[in-house]
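One structure below.
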């Protein structure tokens, strides 16, 4: 099975406090550490496990620039056979729809049985996978937390729905799935693995290679534009408690008793 | 201004809370508009849902088809594409069904897409200005969308307060005939219900909820001690389940359980939206987190910046003390 | 003169003359033995190379100390004494055995050099030796049957015990002793009956006992006994010889080699591949041990040499708390694997992955590398290198527990396992109040005589930063000109290496080495024993390193540091030896000297102290691993302190502090037991300099 996984390089913000840059139009990125978007990493691991069971190869692709090549190499170190970078000045400022269009143009050049994306990236959009599927006219499923390959070009998948329940469906290949974290336990990739793939060529395709009309991508084509970043108003936030820990503990105990009662 | 539709999900004939929120969101886009509710399904349950919606929506489009008895987003999308007028604005809730339906719908309609909206500020010419969050809720962003060719927008459940609306006496319009033949490459098989485990957190009055801040499995006992002292139960956010420190049945959130406690202690929980989505009924939230900028402090009733590993044992002792006095 | 009774060489055994019979037995037996040994050597020839042929004199010294001197054995008094006696007996009897066997081919054979008086003296010694060995066999058998020590038991998950086999072997050796003694005794009895002089048999020796009880036995019977005993002796000897390589008794042959080839540089780790420099490592296709043949020949030899005595596991803290690790079975399972896959006949079936087959992942990740196993083993078997090699294999294949992936990623991108920003690494020293009393130099451009290598936990952990500040204050107090690397410092990588991530370790090491060299310091001091061990053994080309306890001890000795008496005279202190300060680096006494120099401080020793200290739970990456265990190591340790009567535990390692403080809470001893670091105690007790004298 030929599997394509769309990955994205994102800043690791879980441990770091976000600050704004001096201009105020973006977050301060100088000291951020970047890595592959976590759900995308789960998707690659899932793809590798599927091909280990049924044969085939995994290709990882990303839309970006030079800096983004490192996540391709990391996923190749994990086991993906091919990495592809879709880069062109014309792509900058693209909204999600344009990203999907760029990926669609790349997909048309090859023949992939299964396309995976992570459920969402750092912007919380959760959009590229679904858009790409619609553009390709492939069936789609989001929030996938298990995949079983069936005979006859079909998969049995389950989706994560409310209450921790799982919605089980059958889906035809080729299809697009967006993968939820926790679907598997991704294998470790260390510096050694990354060095081993350091010299594997990563082809780069631009607007012309993909036969894209530059007016359909990038800044000019974007119909969704982020204007700024700002800190949410803390106005109606929590009443912060101050004082010694003893005082705070006493206050909290009283509040619990008052609001919830002690059984 | 284009026509605004609100796609409403329902279960066993009971409409989702988001119906009122979508109405409120539509109002922000165009205060003059009367949005149309659109529901899919089949049989008596669908009729029941339509009837409920008539109380708040002026017009309710009913799309009834046997194949739509279970809401399969792939089929619903096709039905909507066949039925919606070009350039429409479609609203849906940003939860598992909306996530499944909306992006693809925007492509098929040729409409712009924006998801998980927290606020809709209104129109500026042909551009709709909205507010989203990024980086797990740590920053907000103003976003503008060109809705001239229509839009598909999903809103964050709970972000839009229901408006006080006078009963609408809505009409049900049956558009089932226009739905067309519905087939899709994805076929629903069944729903596997999550195991309840030994404790049902949805029935608890007080929950001691832990997040990544608990740091390691061995520390879960600290929360359990407090829960025991309070006569409460321990619940958690997603990362704790991913790390396999607690079973899935303890997870609160959009992909976990919806809980309605009176008091919710959020310990070491950052406050990501997906988790908060599981909190219903406006509980009294006490948030304990080392990071003063954690998003949870925006929604909590009371906040404490401290190390939960130190604070919780002291709180447990205090509760024991109080019980002794009371006894 | 007519022989009283026939000697075996001349006698006829069932139509075959003795000489021919025994020659055949010896030739067949030896051929069998050499064949078996050759088959046993087969996997070693396929194993990885191991450079063990250097420094022959040091190696001979090890042989003298540990083989001949049985140095480790007395650590277990009972078993040790028995073994020393048996071993001494074997050494003495080796010559006797050869002599006796030679008699079967060459009648009247006398061992060269042992004719005349020397021969008689030797005979007496040998007779007592075989008596002692015989008695030891009896005692050992009774002990094995009636008073089996717990460490011999085999938990179900590791396999089955072999009590019958053990008794069988003891019985065979006893038979060997008895047969030889009977051989001598029967002849002596015959000669005595005829009034002729016999070989002198010392009183109460086994041969003497036989002689004495056979004095009235008819001659033909004596003849049969004599010849029979000889045959039994020969057969038993060669049976044992060929049987030993099939079990733990193989150590009789292999121990000499095992001890000669033992690791000389304790504290270091084996390189990924001997003979491959760090720069060349990129060319190595596979890191670590994944299949059996990835072990070096010396490690395979260790598997053969293990006597299954259980001393290692008896002292292993992971084993004690119910983790799935037992160092004994790391070896025994591998040995059984070798026996099974390299059979006596037929081709060898090999190449399977070991983890998932004979080892489990949890087993391999459970080790804290504390070194208790290696400290105990009488055969100097190296367990740590094997575990690290197995971990290297797992890391190479990406099989790392999820809980460890996060800190490893953080170490790679931020140089510390917490994911905190590099620029905040020196914040502990920049606290305003602290800065005023004790300014700490950051060596970016500035110079200093010494480097205080802080390492990650002391830099970033709120609680451990106190250790950093106390250390800085002490260094100031003794007048040491020092600085820190600050944001340029990375984690020492000590645990990174021991968890099998060699590439990341080397990146951290190279970065730190560059920063240290650029700073121009002449010495390094640290309060973190893991950093100490890394800088001492894992790093090359860095200035010499000391632990802060050594600096303080020196200050106490020279009078630079004077202590005022403890406030609370009723406190009882005990010192917990950190693994990487004590066992791995033999720094036991200095911290004790410091404590004993504090007036009024009452100190007790836990029963497990110094080289028998019990690991607190481990440091570095081990703090992130989630082991399956019944209890925490720290809790056991804290209970040991309570048993010793102490209410204050003094540690000299930030990781010990984390584990012990945590354990005090978990054990429910909060308020009854406290922990304090040596530097904190020192700082607290340093007599304030007389302000007038300043």
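Should a chain be cited, it is by its letter among A, B and C, assigned in written order, with residues numbered from 1 in that chain.
In this text, a residue touches a chain if its C-beta (ideal position, glycine included) is under 8 Å from a C-beta of that chain, and two chains touch if they have at least 3 such contacts.
Computed from a predicted model, the values in this text were never measured in an experiment.
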* Structure fact -> Comparing A-B with B-C, the one with more C-beta contacts is A-B
* Taking mean CA positions as centres, which chain lies farthest from chain B? -> C
* Please work out the Cα centroid separation of chain A and chain C, and write it as a whole number of Å. => 49
* Asked: Whole-Å distance, chain A centre to chain B centre, using C-alpha means?
  -> 21
* To do: Compute the distance, rounded to whole Å, between the mean C-alpha positions of chain B and chain C.
  => 59
* Asked: Listing for chain C: what residues touch at least two other chains?
  -> 402
* Structure fact -> Residue ranges of chain B touching at least 2 other chains are none
* **Residues within chain A bordering two or more other chains** => 14
* To do: Flag every residue of chain A that touches chain B in the complex, lowest number first.
  => 11, 13-14, 17-18, 27, 96-97, 100, 119, 122-131, 133-135, 138-143, 156, 158-172, 175, 180-182, 223-232, 234, 236-241, 245-246, 248-250, 252-253, 255-257, 259-263
* Structure fact -> chain B partner, complex, touching residues on chain C are 402-403, 462, 624, 626, 632, 665-666
* Could you pull out which chain B residues touch chain C in their complex? => 216-218, 243, 307, 313
* To do: Please name which positions on chain B make contact with chain A in the complex.
  => 72-74, 77, 94-97, 99-100, 102-108, 112-116, 129, 132-136, 138-146, 184-194, 205-206, 212, 230-232, 238, 241-242, 248-249, 251, 254-258, 261-263, 265, 273, 284-287, 291, 293, 295-306, 310-311, 314-315, 318-319, 322-323, 326
* To do: Could you pull out which chain C residues touch chain A in their complex?
  => 282, 287, 395-400, 402, 404-405, 408-410, 412-414, 418-421, 423, 501-504, 507
